[in-house]
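Read through the structures below before going on.
Look for subunit A in each of the two complexes below; its partner is subunit B in the first and subunit C in the second.
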Partner chain A sequence: MIRILVAAAIAVMGLASAALPAAAQEVARVRDGVKIVPGQTRIMIIQPNIKVGSMSTGGLFEPNAEWTATARGLIDGQVRQQLGTMGVKLAETPAGDEAGAAIASQYRALFPVVAKAVMEFQFFLGNRLPTKKRPGVFDYTLGKDIARMPGAADADYALFLFSEDAYGSAGRKAAQLLMAGLFGVAIAPGVHVGYAGLVDLKTGDLVWLNADPQMGGDVREADGAVKRVGQLLANFPGTAPAPAATAK
Partner chain B sequence: MIRSLLISATLAATLAVATPALAANRLIVPNVSVAVAKSAMMVTADREWNKLGARPGPLAESWTLDGDVLNRLSFYGGLINGATLFREVDRKNRPLPKVRADMLPTDIPALFEQSYRIAENSGLFSVDSIEPASIGGASGVRFTYSFSKQGEDVARKGEAVAAMVGGKLWLISFEAPTLHYFDAGITSARAIMASVRLPAK
Partner chain C sequence: MRRITSFARRALLATTLVATAAAGQTAPPIPAWGGALQPQDRDERGLWMMSSDDEAVLKDSRFLITDKPLNDYVRGVLCRTVGAERCGAVRLYIMRVPAFNASMSPNGMMQLWSGALLRMRTEAELAAVLGHEFAHYERRHSLAGFKQARAATDAAIWASFIPIAGLALSLGALQGFFLYNQAQEKEADLNGFSFVMQGGYRTGAFADVWERLIAEEDAGRVARGQKARGGRRSGFFATHPASAERMTYLRALARQAGDTADASTASHRAGLGPWYARFLDDQLKLNDFGGTEWLLADFARTEGWTGALLAARGDLYRLRGQAGDMAQAAGFYREALAKGHDDPETRRGLGLALLRQGQQAEGQAMLKAYLDLRPDANDAAMLRMMAGLPPKTATGPTT
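Right, the complex of A and B next:
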């Protein structure tokens, strides 16, 4: 019964998201006053948080270690390559000792929560908080203690990346066709979310977030990873004319 | 399979129609006394907060600074005998614990913990300290807790004050990720807890 309810909820979410006006979701924002100079500003890449798996007919996520390892390698390589092409200066990311690694993993865990708050309470116009509505306001942080993270003293910004893909199982695809054909009810074929953020290593402030809810590219394939990373790094500040806010 | 899908389609259609429009979030301005949680509980904020349109329970209300996953201040206003903190998530298999009019203040943290374990699906929840405290002039408890949400690696901390007045439960809780957000929000949360005025019995 719970599986049926999950499927129903996903169907409703699919309908709801399909019904939203396109302008209801902002996808990226840069904090005012951020200056990133290609070739000078030092950016440290935090180990990307990547999850790949399948989605059962009932909508449950089942992680796939092999797909995740493949995607991690492909995305990691692409991030370095594409940032290099943009002229971004990369800082070393030291492994650090056990205590340092524990600090880094805490911030890796906090970043997706902050990103979700931005997406739900600032980017989604229908649910934007009154204090986040004021012109020019983009005020989120991971806290100034991020300066304790290994390598923070030798870099200006940290780049956080999150990518989660759940590919529909054969059963789910069959159910999707059946539901669409018989009842006109949409079941999402899978989940493909990703976001990237840049954090000031002196203040902890989130200075850029890119969170396009419609991520493309099959991260299990080289070509797909190129597309995915291109989307994650779209509007990267300082490398191209980046508007203060872009709406989709 | 077809039967399941039929039920699923019916549920989907029903939910799509029954889901209410998202209530708007509202600004809470500082230094103005406001009634919260559809009750006679009055509090005054020392800074701007946002009142969320979505309520955790029928007689509850939540405020946030940056989004409820980063800081959540919740008010539960005068829950009567038989009421629950949250809306039921699985009444048949995992019913939420109910408020009893004869509860002692020291019973409140256990009710809170059990409610979180069910409603938030939080297996990792602990009450870390309990001490006597005054809430709006009534004798009650202050307790601290820690937990994490299913599917997240973020550790969270919380602090609450609560009392039974006239057989009803009055409770205010603040919770946030341990990293940065708890310390950043607790001072204002405590000021609001200290400002509370409860109705006479």
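Right, the complex of A and C next:
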């Protein structure tokens, strides 16, 4: 009952609370035949979607502009550095004219929709759609019109990143301990989610998605950002054998 | 973000609040203007960041209407209402969404939906809506509402540790948040009223808006076989006072103020220009027969049954397509044509309505007349077939 109440309180305020990490969840997948060739493959980084705040005692997300600005700077720097270490060539991400910016905006909105569909209907084993059960199948696309995005002609892939953190306030942590201790009820002490994906700029195909629901690393600090970006870019195609690849 | 209506109102635990009349209430004075707002504390900076992210997305939205004459008209009404200085703090976004709503973000981003523009009969009514939204901004309602929501959910979670009584206390804390939100809406109504007076607009306009919205909502409900509510319903989770309550206190204020000033009816329709017909067409597609029928009759009360309104009514009946609707639709289309309404789409509608009634020859003649005027219509190929015309291009096998 208490959980329902709290959930209702949060849902009514229109703010999502983090679901507890699902067991038996796949975290990454690479489309067959995708290779990152060091010194050759060009990647365009799409402005990441990053939000940082805290979680109030009652579970409300409290946006924090300072933390978010810090995290945006740190993550951007780390992504560039770590991709560089992998030998990836970074392509320009031009803003484009008004029409071009509008197209880019549409794809920034479309990517999370596709990524969430993958997480829900393919990565989550208990909920896998029948058409996604064939071994080796990883078949999602944003459509080939993505080639109209500014800068698409001069890059092979676009990298999309999403990261959201809500650090539990002191009150939230106290409530969590009390809930667990008194009633054995688990409430989320905070939210730390992130995912990253690579999209082929010629075909629009999603060639790689990495979505670990248990993100580590404090994005408000330099060291933490190194760890977080490392996790976001884990299983990057051509770097290390992805667990999903061995599973098929 | 503050909205003018509680759009998706859920009545999970419906309790009816008694509408209270505004006995002895007066319009608050307009405070001195301290310039465009800047975020003051951590919470406010956070809310501004979220609003700024939202705004970046909104700017590229396909629903954004960038047409300059329409934007100039609405901004002109806003500036006359709140004054030139305050007006400069607002970034206005007119969105093509066929429902009655407007909203205000803490950073000065104001959204107005096209469904609101369609429903306003006068410039004064538009002034009331814009004044209400501006009051949310000047009073920093988003920030106060956020703090209240946090306090309420915090209280709710601590109360939930108390056995049995905790449930009631939690619900009480949450309801406190909704009542607070309603109080903010009322404050924005009253402040908005002061702006309408300052702009020299007819003060009864805001009450008129609610009166008509109540009637429209009820007409829609009755047509769907539901009970009319008379705008009295306000649920446990209602973020806004009941429409009837808002109408009552705004009407009382207007009576006190004398309510004689200019409503500017003609200038509103002129301000909408060609968008009026487009917004009307959007409304027809909502599949709200009762509400739309009421709305069309309401427009006809002011301007009479014009050709455009008759053609729209024909579309409404044809799209519903129940027994007898096609005959009614054909009648409305014919009246529209008789009044000299020369939109080719009227002939298309009449042709389709006649064919559905089995009046083959006349229906096909109408579709041919339409195709002469619009040979490149999206569905020209299908219409040619229905009109008994040969396909326009050879469809033989390609080599």
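Here is the rule we go by: the second predicted complex is superposed on the first by the 218 of 248 C-alpha atoms of A that agree within 3 Å, B and C clash if a C-alpha of one lies under 4 Å from a C-alpha of the other, contacts with A are read in each partner's own complex, and residues count from 1 in each chain.
Here is the rule we use: contacts are C-beta pairs under 8 Å (C-beta built on N, C-alpha and C of every residue); 3 or more make two chains touch, one makes a residue touch a chain.
Being a predicted model, the structure only gives us computed values, none of them experimental.
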Touching partner for A:142 - first (subunit B), second (subunit C), both, neither: first
Just subunit B (first), just subunit C (second), both, or neither: which does A:125 touch? neither
Using the touch criterion from the header, give the chain among subunit B and subunit C with more contacted residues in subunit A. B
Subunit B versus subunit C as contact partner of A:106, first or second or both or neither: both
Considering only touches as defined above, state whether A:90 meets subunit B (first), subunit C (second), both or neither. neither
Partner chain(s) touched by A:62 [first = subunit B, second = subunit C, both, neither]: second
Contacts of A:191 with subunit B and subunit C, given as first, second, both or neither: neither
A:53 contacts which: subunit B (first), subunit C (second), both, neither? second
Is A:116 in contact with subunit B, with subunit C, with both, or with neither (first, second, both, neither)? first
Subunit A residues contacted in one complex by subunit B, in the other by subunit C: 5, 8-9, 12, 105-106, 109, 175, 178, 182
Going by the contact rule at the top, pick out the subunit A residues touching subunit B in the complex. 4-5, 7-9, 11-12, 15-16, 105-110, 112-114, 116-118, 120-121, 126-132, 139-143, 145, 175, 178-179, 182-183, 185, 204
Tell me, which parts of subunit A touch subunit C in their complex? 1-2, 5-6, 8-10, 12-13, 51, 53, 56-60, 62-66, 68, 101-102, 105-106, 109, 171, 175, 178, 182
As the complex stands, subunit C meets subunit A at residues 39, 42-43, 45-50, 53, 56-57, 59-60, 62, 146, 149-150, 152-158, 160-161, 167, 170-171, 174, 237
Within their complex, subunit B touches subunit A through residues 4-5, 7-9, 11-13, 15-16, 19, 22, 25-27, 48-50, 53, 64-67, 69-70, 152-155, 177, 179-181, 184
